[in-house]
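Shared between the two complexes below is subunit A, which has subunit B as its partner in the first and subunit C in the second.
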Partner chain A sequence: MPLPLYYFLAITAVNVLMAWALYLPYRVGHLHFITVANMAISGYSAAWLVMSLHVPFGWALLAGFALGGIVGYIVSLFIGDAPTFAVVIVGFTFIYITRTVIENLNAVGGTMGMFGLPNIGGNPVAHRWIILAILYGLLLLVGFLIHRFDHSQLGRAASAVFVDKDLAASLGVDIRKLGMQLQTFSCTIAGGCGVLYGFIYRSFHLDFFTFALVGIAMTIIFVGGYATMWGSLILAPILYGVPLLFPPAIQSWRIVIYGGLLILVLVLKPEGFLTRRFVYSLESFLSGIRKKRKTQ
Partner chain B sequence: MQVFIAQVINGLSLGSIYVLLVTGFNLLLLVAMIIHFSYPQVVVFSMYIVWLVLRATGNNLILGILAGVVSSIVINLISAPLFQKVMKKRGEVDINSTMVLSMGIGMIITDVLSHSFNQGLPIAFPDTLSSDAPILRIGLISVLTGQVWSLVVGIVAVSAFFLLLYRTRPGRAFRAIAEDPNGARLVGIPLLRTGLYSYALSGVLGGIIAVLLAMLLGSASPGLGEQVAHKVLAVSIIAGLGNLAGGLVVGLFLGILEAIVQGYISGTWSDAIAFVIMLVVILVKPKGLFGSKL
Partner chain C sequence: MKKTLGVFLMAAMLLAFVGCQQPAPKEWTVPFLNSLTGRIASIGEYLEWGAERAAKEINDAGGIKGKPIKVVGVDTALDPQKGSVEMARLVKDTLVALGPVPEPVIMAAMPIAVENGMMSITATTSLEYANKFFPWTVSWFPSTEERLAPLVAAWAKQFPEMKQVVQFVEPYGPWPGMADAHVKGLEGLGLKVLDKVEVPTNAVTFGPLVVKALNEKPDGMVFVCNATATAKLIKELKSRGWKKMDHLLVFSSGDAPELYATGGKDINGVEIYNYINPNLDNPRWNAFKDAYAAAHGGNQPPSLSTNYYDAVYMIKEAIEKTGVTGSPSKLKAERKLIADYLQNVKGFHGIMFDWDMKDGVPTNKPTFIFQIQDSKKVLVQEVKG
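After this line comes the complex of A and B, so read on.
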């Protein structure tokens, strides 16, 4: 497989997963940027386990997921039902603290980062295929779980919280518990993503986990459509892929383009390109075709 | 003890800038009903404009300062229709979507600064604006020109702002909108025009802060806005969103805390400690110490 295609497929999958990790807590109105800090925490920890303690990659990946979940759970105990801006600022603070701690830890390479992570499959080709298999397996699993969530009672409860917290509480929704569950799940996904992100490049550097990453995930979710999971799935490859077709001089302005797009969509089409109404109509259209085929 | 006093002086001047930033931020929050997260990024952009004009005019301070203030007002006024449009589309006041919009503006500003000015490298202001020469030195304690200016201008600007808010007609209009927008409309206060005044006023404050930051720090980098933005929002949340008096206390406290930590612990760790303290307060009291005014 050509290297550019591998990077495109792998990074697109990570972007979709990260956008979903933001999408889930945003179902109750939380912009949970701690996910980016969790990527760094889990990624660096897993890399340290593999490089220093020679733990097999599979176990390190599981540890990454677990660590992400634990951090997410502990934080959610405090901000499970906090206002959006408080959740945002906790996320940003975590990113700063994580970056400062990693910068000062020699065990994980400090400002230099970690390089020369082992090939998982023994050689570079096998390594790429294994990474892609894990990433897309994870994408299917997480996508399935989010789809089930969106169509469940919990999903409807989350929609109620998003629209009106007081109303949702009066209908018996435990806002704090729901917020905690979604935050913990999103942090678990982010933890695993962090490990895989580093193993795609076989290195870790603090420049991977910057505010640009927050901006990219935010653009994917808000431009694609924050009310459904499908917007992120469709927009992530477009947003990452299309700039690659342009000359390098334009590619370097990618963040400005993302920012402009984000502002334009918020002003002109606040729900993003794929709205919930559109998805429902598409679903009913498809189920209509299925019914027609059955009766024929 | 001398280190402690020196750091308290540093902290007071830094804190006065935080106070100004939080005041501008809270003004927009209360009157225009927006969370302008990237307000500090607008300030850093103005710092770059000051730098640019100083270079182009052979360090003409008056032109530099004017350019900083004007650029800050212009950016604020340009972004005003965007915020208004987002609120209108939503059909209600939705401060969260304004925060996302503001983050988009911040992304653009930061990236433009890292591409178009000084090849993305940090900029240094000339000695005419930020002199390292102390005006007073007693042992380890030295008071720099920038520190004195930022403290004095900070006190004057905040006092003027509070006077305007509590002793003038436009100030009453600002407070009325902050208290009850529908009631304010009923008694004939023009919401849109008053909202625009708040953008312009916070722009003026932004320009002043840009000059003070340039004097105090002596340099700027594209990432400075993000870091300050984060601190300003944190101060605002810790104080209680929209709480002007709370912002004053917490802004000064954060400045002093940061300076004291920097005085005793190595540079990179000191930031982390200040952030941890901020994080603990936000986690324990996510709705603020002094109560939100929203």
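After this line comes the complex of A and C, so read on.
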């Protein structure tokens, strides 16, 4: 496989997963930026396990998922039903705290970072295929789970919470429990993504986990459509991939292009390119075709 | 008849073989993975300017082996994601590259260059980053500890009455390691190094940091933080009555245009160390300075502006001395030739001074301590490691 294609596919998968990690808590109105801190915590921890304790990568990856989930769960105990603004503040604060802790931990390279992470599978080609297999397996699994969630009673409850918390509570929705579940799940995804992100580059540096990642995920969600999971899936490769095809002279303008696109979408299509109504119509259309085929 | 046919077939095969050989390109293209947009775009601009200046000079003098050299800026925008994809594109057919810049992009992209056996010169980072990717890069700087300890000791020796020193340290990449090297140099002289004051990368207010430092009652201070923060800290110090300006030392990465623009006259008298001496007087450097000033509104070249200028000349020398042809069919072997040559260059004629490389590390680059006067650096002393 050509190397640029590998990096494009791998990074796109991480971006989709991270966009979904933001999308899920946003279903109840939470902008949960702690996911970026989770990436760093789990990523560095897994790298330390592999490099210092020689733990096999598979176990380190599982530990990364688990650590992400545990951190997410503990934090969600306090902000499971907090207002959006409070969740945003907690997320930003957590990113700062995480950076400071890692900066001062010599075991994980401090401000220098971690170098020379091993190839999974023993050689670079096997490494790349394994990383892609895990990432796209994860993408399918998480996508399936989110799709099921969106079409479940819980998903409808989340929609009610997004529109009006009081109304949702009067309908019997446990807002705190739902918020905690979504936050924990999104942090678990982010933890695993952090491990895989570092192993794509085979190194870790604190500046891999900055607010720029928040920006990327936010742009993907809000341009793609924050009301369905499909917007992120379609927009991540486009937003990330198209600028790579630009000639160098235009590449320098890509931030302006992103910004302009975001403003345009917010003004003209506040729900993003893919709205829930559009997805429902498409689903009805497709199920209509299926029914027709069955009756024929 | 058979003989004629045989000769004809052999000639056809030879022609086919020659036809298969891809011709060497008409120019030497050197991609430069650089941060041309984003937070450090201003640094990326002058790094690129230096590299292009070298390419222009080389081309005006007839190019490399008669072919022009072209530096192509590839913007990574300080983004590891973009840096890795761009490096993955380059390693397919690039002979030698410049960059990446800065450390997060180096860490994401350099493993790709190493895996594919392509030299990419990272001329702005410390040895402690560069040596992880040897022999597919070289370091522009010697070991931090070996070089900085005697340098800071030389600064401190000027002031025998100085007993206690405090450092302002920003936790970025190699900077805390540089601060540790300063401690070794100062403690070697018997000075007491007080608890460091950490400067947050996004600090907006500097008063509390200065108060914290002054409470420790230091006689001298060393600044290991970005240029803007350094200037603001010094202004705060001055506003709180600090008089001994030469007892303040700024580290090399603080020697950037923002230091002078923000500090103005308040940083007069402050001392600063660096690896280049802008006061040198040689025709090449003078022409560089004049051209830089003409292109940058009269400003002096910043300290890193010559790094990629020299790197381009080093590539020229490697191509000329190793017989590299640039032919795509010899790409792997010629990449190795260049890497091997650059690891141990001897007597390289840099724009400011000649130096040698041993296993990718410069062995005899000088270092300098200056005093700032009206935004200019006046040489105090040259320090040899």
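What we mean here is this: the second predicted complex is superposed on the first by the 288 of 296 C-alpha atoms of A that agree within 3 Å, B and C clash if a C-alpha of one lies under 4 Å from a C-alpha of the other, contacts with A are read in each partner's own complex, and residues count from 1 in each chain.
In the analysis below, a contact is a pair of C-beta atoms (placed from the backbone, for glycine too) under 8 Å apart; a residue touches a chain by one contact, two chains touch by 3 or more.
Note that the structure is predicted; figures quoted are calculated from it, not measured.
Enquirer: Return fit or clash for subunit B versus subunit C, each positioned on subunit A through the superposition.
Expert: Clash - subunit B and subunit C, as placed by superposing on subunit A, overlap.
Enquirer: After the superposition on A, what does A:L31 contact: first (subunit B), second (subunit C), both or neither?
Expert: first
Enquirer: Who does A:P83 touch here: subunit B (first), subunit C (second), both, or neither?
Expert: first
Enquirer: Just to be sure I read the superposition right, which of the two partners does A:S52 touch: subunit B = first, subunit C = second, or both, or neither?
Expert: So A:S52 meets neither subunit B nor subunit C here.
Enquirer: Check whether A:E103 is in contact with subunit B, with subunit C, with both or with neither, and answer first, second, both or neither.
Expert: The answer is both, since A:E103 touches subunit B and subunit C.
Enquirer: May I ask you to decide whether A:I263 touches subunit B, subunit C, both, or neither, giving the answer as first, second, both or neither?
Expert: A:I263: touches subunit B, not subunit C.
Enquirer: So in the superposed three-chain picture, is A:P124 touching just subunit B, just subunit C, both, or none of them (first/second/both/neither)?
Expert: second
Enquirer: Once chain A of both complexes is superposed, is A:S281 in touch with subunit B (first), subunit C (second), both, or neither?
Expert: neither
Enquirer: Can A:M112 be said to touch subunit B (first), subunit C (second), both, or neither?
Expert: The second partner, subunit C, only.
Enquirer: Could you look at A:I255 and tell me whether it touches subunit B, subunit C, both or neither (first, second, both, neither)?
Expert: A:I255: touches subunit B and subunit C.
Enquirer: Out of 37-45, 127-135, 181-189 or 271-279, where does subunit B run into subunit C after the fit?
Expert: 127-135
Enquirer: Pick out the shared contact residues on subunit A: the ones touching subunit B in one complex and subunit C in the other.
Expert: 100, 103-104, 212, 252, 255
Enquirer: Considering the complex alone, what residue numbers of subunit A touch subunit B?
Expert: Against subunit B, the touching part of subunit A is residues 29, 31, 75, 78-79, 82-86, 88-90, 92-94, 96-97, 100-101, 103-104, 211-212, 215, 218-219, 222, 252-253, 255-256, 258-260, 262-263, 266-267, 270.
Enquirer: Contact residues on subunit C for subunit A in the complex?
Expert: Answer in residue numbers: 36-38, 72-75, 77-82, 84-85, 88-89, 91-92, 103-104, 107-108, 111-112, 115-116, 128-129, 132, 171-177.
Enquirer: Would you mind writing out the residues of subunit B in touch with subunit A in their complex?
Expert: My answer: residues 35, 37, 82, 85-86, 89-90, 95-97, 99-101, 103-108, 110-112, 115, 226-227, 230, 233-234, 237, 241, 268-269, 271-272, 275-276, 278-279, 282-284, 286-287.
Enquirer: Under the stated contact criterion, what part of subunit A meets subunit C in this complex?
Expert: It comes out as residues 2-4, 6-8, 11, 100, 103-104, 110-113, 115-116, 124, 200-208, 212, 216, 240, 244, 248, 251-252, 254-255.
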